[in-house]
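Take a look at the structures listed below.
Two complexes, one shared chain (chain A), two partners (chain B, chain C).
Then we have the complex of A and B:
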């Protein structure tokens, strides 16, 4: 046990090093991103479902859409208010939300998720 | 002493399990009770068929020039990368072929020269019993209710079994990201990503589209059937 001091010093350095990211970022939590709605999205007032539902469930809903459209040839979505929509990411969602960078990307970057929708779907159908 | 201690641990364990399961059960219960309240169905104008079929009147397409606008329209509507120079990486949805390549089992020594020298349009046949579907290990390629052989890109793993299985060469593999090679993006139709297969499935936008509402069809680009206002291409249910 002659090396007790060395071991302790080493341990302290080790713990300091691995906890570095935590205390370095302490008190600097990134602010939640503000989403920008296009004029068209604002005018529409509500999305295909309620805002709360879309915030928490849009990924599940999109998954249901893609499954039913591709595998079941079902393209008509009727929401609880009885309004119908064509189930299409490119032509329905992006019709209003034509600002991917300020609408989709902000939150996705914040949450550090990178959905691969855009590998195939062209993100700006309006060409704006 | 020993016994009661074991008993205590058993009860504690079961209680912990019960407490942990409660929120999960609640979540299931509430989903059942309320549900998201939406409804999904086929479109009102959706057409159904047992097996869609398309006939091409080859007598009306005598020269390669006559095929060109048809091929160009298909490529444009479906975002086909036409600028890929390497032939091995080529993506084909609809293409021109010689009689001997188009009808390999229908050649004889004394063919009508006119027919023999005519160019033919080839595309995926949407086979009745498609070998590509049988070969696909993930069911990414499947036959839908209307007899259309579809590709679910979301599921394709890029193994290329279907490519080997298709006797008609109707499958192309996206060896490269196709987007830089598309001349003119049709923004209403997806492109593909690197590593997935493609058959001419979505020739369906020229079909009396089995499932797609008209919105799916780009308004500015005439679909194949619109170009073929004569009876060159006919579709129907068989």
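Then we have the complex of A and C:
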């Protein structure tokens, strides 16, 4: 039938569409972002929880913190090692990780995540 | 209990476990499930898909078999159903577009019923159409959204889609169950719910159960497994997204790597997706390509205006009536049979 060319054209369009990620990234290496730890964060050695926990669960931890502070007016967080922290993004997290652009944003941009923390919080509470 | 869906369910669970256990520490098959299987799956998908479609392109379409769902073009005072009985290419394009985008032929689904008496009634049965629309659009959104793992920088339309899809917020913060990722992607949940509905429909309605095969249940379970593992990773068990994107970007830039710290759940998810891709060209899922070639929809219904000759007809030697009469005219007149031309005129 004379429709063979039309079908072939459709097939070529389909294959071009599904291989989009291959030609979109052609010749580009996209290494995982490297995070910059501030001197203070390096000196502290550990975060409020282990590094593995923080990479996968920090969003949930922050959400629980917000819930506990705002709904339960409970401000102290005690980690499994028995150390206590103030449940505060501005005063605890950003105290060490004061470099949002080189710490938070790198992974968030890489993974196309736009957390709404910064709708309310300023990223530089100390005004440096 | 029905062996068709039990076999499919067991198959999907087994596939899941193979990948999950195989990538645990010690087993060390990350290389297989993270690099080799996905590449093989995508090659199988593309080559298999192209072969299947070209096979269809080669097959014979001798005559028009369009279904006519409305008035054909006729005398000027009859209103033609321009989309349901198209007589020009524009009408066919509109009909195909609506079929592919709105599933119009599913919309026409009816159910026969005897309503308290001898009278058979037909009523619209729209749940299949609604379920199918929800399922396909949710799946499409989920696939597009996953481009964030396969592109760097992430294109704007993916970001927009994520924002629209994820505008709902949800938190579950009990001591026992904590789900503290406020942004909820609706498409994932709709996909799971719709696949579940389509499965239950196949099981609950006796007539549909009777015609359902393992080949119908297997992809449904596979998609449910994919959706469940994805939802579980996102909201409950939590995985290292950046490491995962490093792996997926390695795949699409042909620099495959296996970063540290990726959980077995992700490999199981990826393996189920690979199985779906590899299985696709050999299954009923090929309706993705097939719908464009539905011979009852993609041709103009103009059989009464245009003479369509079977393209491979060879010239047939015919003996017309006129020639027949020339041969036997005298005998026919003798026998008293009527003839068109009288022999006297011929003389």
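Simple rule for what comes next: the second predicted complex is superposed on the first by the 114 of 128 C-alpha atoms of A that agree within 3 Å, B and C clash if a C-alpha of one lies under 4 Å from a C-alpha of the other, contacts with A are read in each partner's own complex, and residues count from 1 in each chain.
Here is the rule we go by: contacts are C-beta pairs under 8 Å (C-beta built on N, C-alpha and C of every residue); 3 or more make two chains touch, one makes a residue touch a chain.
What you see is a predicted model; the values in this text were computed from it and never measured.
When both complexes are superposed on chain A, chain B and chain C end up clashing with one another. By the touch criterion stated above, A:25 is placed in contact with chain C alone, chain B being left untouched.
Residue contacts after overlaying the shared chain place A:39 against neither chain B nor chain C.
When the two complexes are overlaid on their common chain A, residue A:57 makes contact with chain B and with chain C alike. Contacts of A:10 after superposition: chain C is touched, whereas chain B is not reached.
By the touch criterion defined above, A:107 reaches chain C but does not reach chain B.
In the overlay built on chain A, none of the stretches 2-10, 74-82, 110-118 or 308-316 of chain C clash with chain B except 2-10. Counting contacts by the rule stated earlier, residues 57, 61, 64, 116 of chain A appear in both its interface with chain B and its interface with chain C. Here chain A touches chain B in the complex through residues 48-49, 53, 57, 61, 64, 66, 68-80, 86-88, 90-91, 116, 119-122, 124-127, going by the rule given at the top. Considering their complex, residues 36-44, 46, 79, 142, 144-146, 150, 152-154, 177, 185, 187-193, 210-213, 215-216 of chain B touch chain A. Note for the complex: chain A touches chain C at residues 1, 3-4, 7-8, 10-11, 14-15, 18-22, 24-25, 28-33, 52, 55-57, 59-64, 67, 107, 109-114, 116. By the touch criterion stated above, chain C contacts chain A in their complex at residues 45-46, 49-50, 53-54, 56-58, 60-61, 147-148, 150-155, 158-159, 162-163, 171, 173, 178-182, 238-243, 245-246, 249, 252-253, 255, 259, 261, 289, 292-293, 311.
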